[in-house]
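Got some structures for you, see below.
Here come two complexes built around subunit A, the first alongside subunit B, the second alongside subunit C.
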Partner chain A sequence: MSAMPGVVAINTFREAVRDRVLYNLVFFALLMIGAAIIMGQISIGIERLVIVNLGLSAISIFGLVMAIFIGVGLVYKEIEKRTLYSLLAKPIRRWEFLVGKYAGLVLTLVINTAFMTLGLAAALLVVGRPFAHGDGSILIAIYFILLSLALVTAIAIFFSCFSSPMLSTLFTLGIYITGIFAGDIRNFGALTKNFFLKGATSVLYYLVPNFHNFNSIAAAAHGEAIPLALIWQNTLYALMYIALLLVASSAVFSRRNLK
Partner chain B sequence: MTAVPLLFVALFVLQKLIDARTRTEAQAEEELLLSSPSAIKKMSLGYDGLLADVYWTRAVQYYGTRLGEHRQTYNLLWPLLDITTTLDPKIIPVYHFGAIFLAEPVVGANRPDLALKLVKRGVAANPTVWGLYSDLGFLYYWHFRDYKDAAAAYLAGSETPQGPAWMKIMAARMNQKLGSIDTSLMIWSQIYNSHTDPNIRKLALKTLRGLKAQKDEQTIEGLADQYRQRFGHYPASMAALREAGYVRGVPVDPDGYPYVLGPDGKASLDPHSTVIIPKVPTTPPPPPVN
Partner chain C sequence: MDPHGPAIEILGLTKDYPVGFWRKRMRRSLDHLSFEVNQGEIFGFLGPNGAGKTTTMKLLMGLIFPTAGTARILGRPIDDVAMHRDIGYLPEQPYFYDYLTARELLDYYARFSGYSAADRRARVTRVLERVGLSSAADVQLRKFSKGMLQRAGIAQAIIHEPRVVFLDEPMSGLDPIGRREVRDIILDLKTQGRTVFFSTHILSDAEMLCDRVAVLHLGKLRGVGAPGKIVSVEVQAMEILFEPAEGRTLSASLARRATPVGGRYRIEVPEAELYRTLDELRDCSARILSVSPVRPTLEDYFLGLVEREPAAGATVEASIR
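And now, the complex of A and B:
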């Protein structure tokens, strides 16, 4: 395998830094400091819980916004600015370019999340709660958020291969929300007693990425242990889905007429 | 550039006018945009924990505002607590404090039935948390005078992994139907020590002072009875009781005022005392909601 995807990934990350994407960390820091100071004053008995819930939710939401809004423009922007043509004139295959772009955005998300995790740890120290044994589940919850963000990025890139950023955003958001409600959709089908509807909702349940799998914020907030089996199962699930989406994206992008 | 602040001022005035035309802030405060806990949970898109924290904070603010203004309506308290515990059934402080907010007659919604419903929900979701059984036992004992269920709650709490030994004692007392002042003192001391909220601690301290005075009065009345058995009549005053050697010094209430002994042998508080003897329900309470 050539080193080209790595080069594209590094450049994608540099571009994100140049675009001041990591400025969201300042907002995250202000949010955590504000919450740490205010919650003790206006609520009762949930200072630590609020910090963990707010921190993990913010990591997830900020990451989601970045994954979708940057992800849908990754390929489109290169075509629009016509920089893709000069890139593809070099010894790089289209799938390598795509995988590189994907890896670059995931690297940006990982670094962004790592800084937010440090911010969350600092906020927990500010509210005067030393780290306890159950706090390991916070790190697992962050890992699960990262897996879901990597999956969302893959969906965004897939749509950006053949659609405009606006439509890609809508499609990605639509799939993300459907993925959250996948279980409910299947339950709804089962309640109807209609054979076809039941079958259709069951197919949909297994077809769309189940984002509910990756949500362990509540367990982490209450210091509950997260089963170790869930870590490898979620990792495998995300990797398989990402591989599937990147293969599909590469197939679409390779066949696309760029003239 | 000077137009910017002027425009902001104009916007502020305009918004005030719109508010006056549409509805008052007070009316808005009494409404919940969404009242179905399960619908709110679905719409939270997985961020139900954070939303639960927001609703709990809102409940605390709602209670605190009403407490400060001596408003007696707490119509939104139960819906707010209901939504909070549906969004996150594992936030223990919501049951712990919410039960007091709901149950107390003077400084709360005076709805012990809803408090019981809330704490039962908490026990079902967190069966190993002994503090919730303690809250349940307290509600059965203090608000419903239901010794049987109070004993069962305290016993169940004592059997949890970290259940303290005193809960077994409470269960035994309840089984003997010892609804005594000592039992009440023990429970309210536990409430005082286990809560951090200043309002609840203030309420607990106030009740403890009242219970202490009630216990003192009972002791004085017992001594007055002994005096009557010896002399054939009740002592005319506390001084007579003291002169006969039944008490040493001048017994005072938690405010520092001497107790007053009536000609019928009944002890009472000085009119200037701020101590309030807790009112024990004399009529049967409403049946608990399951």
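And now, the complex of A and C:
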């Protein structure tokens, strides 16, 4: 196994830290502290529900913003600033660079999410809600959020290989939103009598990753158990899409002229 | 590979770029370029801006792909990534990760060559000293001047002691002291037996350093050889520098031809008239300061090329500094 992606990944993580990307944790901490204080005063009996809902939604949104906005610039920035020129003159293949950049951002997201999880746990403690058996579903919901973020990062990096950050952001966000409503889109296609529309919605449903599958926030907030099978399914589903996207990104990037 | 074979072999390298937004046309940036660079030599790659020097460098580094033709470095094809262990590259106007310090940057690049942490530390310290950045080793690159970035660029190109070093406009943006230091580094690399392939539009640098040069203009090769051989080495004229004797006036013939240069005089005469002119100067008791042949420089060659084929947008920045 090549060590090159690891070298690039660590540098990508270092870049995120030095560029103060992790400062978003401060906002998250403030949000959690504020929510805990307010919820402790106004809601009776549903503090956990509100805090978990708010906390997981914030983890998801903060992570999504990071995955998209950093992801779309990962490759583009290296080309624009020409930092890639001296790097590719070293004994590193283009796919190794790409996988390294991807792994670096995913590492950043994992660490960011881990700190946010600690913040959520602290907020739950503040509202006087000790940990219980059903809280395992919170961790599973966070794991699903991470899987979806890893998938979004792979989509962002794919577009980053051949288009500008603005277009890549639009494409990635478009796919993410389409993926959230994938089920609805298919249902809409089933209802319509237009052959073309039916075909188009079916293609879209099977082509775009179904991000709705990764959303277990409501179940976690209500303390419902999440089936083990879903964990495996979601993991394999995400890994398959990520692998396909990274292979496609490598294929595109390996043929690209770096002007 | 053949230890005595060429360091770089370029055979018919051609590169076309699409231009235009709606109706794309192909524009030829490099046209069937072929030449060889021997191991251990300093090879200058000359041409005005837009000649195709950077395109050639990028093709050799695998950053862009040729439309036609091939190239080999140390006997291996340019798409062989393992070959990159033996080469170093300084891009034109280099820019590096500005959140890193110079030490961190070099350590990062050294990791790709698989050195141990202790080895990397020693190499980084040594190369920082070599390029004169020891005192700025722990300063973030975002605080570096252009000249310092250029030095950091050279440092990353040589940290793994490559056999062939590619430098794209290495003197660009440097002050005279910096330029001299880079020249010293290039000469040092040659002393160590390494091959240096560097592009420049500053001809005096090439004349001073290179064993051989190639001249490129509008994507086409115009000549390869020793700097003195690719241009005419014939003496065009002789230049005499002299001071007139106190209280003596110059003869009418001398006064007509001499040009005052800060209290001294300069005369340029055909080689055949040299001794006659010297006799005239002796008759006036003039003090002869120097007699030197006037040869066409690479500068003249370069300008001649451009005058013969002026290209839209190709600017000549040839300057003797």
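The rule is simple: the second predicted complex is superposed on the first by the 252 of 259 C-alpha atoms of A that agree within 3 Å, B and C clash if a C-alpha of one lies under 4 Å from a C-alpha of the other, contacts with A are read in each partner's own complex, and residues count from 1 in each chain.
Please note the rule applied: a contact is a pair of C-beta atoms (placed from the backbone, for glycine too) under 8 Å apart; a residue touches a chain by one contact, two chains touch by 3 or more.
The structure displayed is predicted, hence computed values, not measured ones.
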item	value
Fit or clash - subunit C, subunit B, common subunit A	fit
First, second, both or neither for A:S164, with subunit B first and subunit C second	neither
Partner chain(s) touched by A:F211 [first = subunit B, second = subunit C, both, neither]	first
Partner chain in contact with A:N11 - subunit B first, subunit C second, else both or neither	second
First, second, both or neither for A:K81, with subunit B first and subunit C second	second
Which superposed partner A:M39 touches (first subunit B, second subunit C, both, neither)	first
Subunit B, subunit C and vertex subunit A (Cα centres) - angle in steps of 10°	150
Touching partner for A:R255 - first (subunit B), second (subunit C), both, neither	second
Partner chain(s) touched by A:A89 [first = subunit B, second = subunit C, both, neither]	second
First (subunit B), second (subunit C), both or neither touched by A:L49	first
Minimum C-alpha separation between subunit B and subunit C after superposing on chain A, in Å	29
Where subunit A meets both subunit C and subunit B, residue numbers	none
Of all residues in subunit A, those that touch subunit C in their complex	3-4, 7, 11, 14-15, 18-19, 81-93, 255, 257-259
Subunit A residues touching subunit B - in the complex, by the definition given at the top	39, 42-46, 49-50, 53-54, 57, 60-61, 177, 180-181, 184, 211-212, 215, 217-218, 221-222
Touching residues (chain side subunit C, partner subunit A) in the complex	17, 58, 61-65, 81-82, 84-85, 87-91, 93-97, 99-100, 108-109, 111-114, 153, 156-157, 166
Interface residues, subunit B side, partner subunit A - complex	42, 45-50, 52-53, 56-57, 60-61, 88, 90-93, 96-97, 196-197
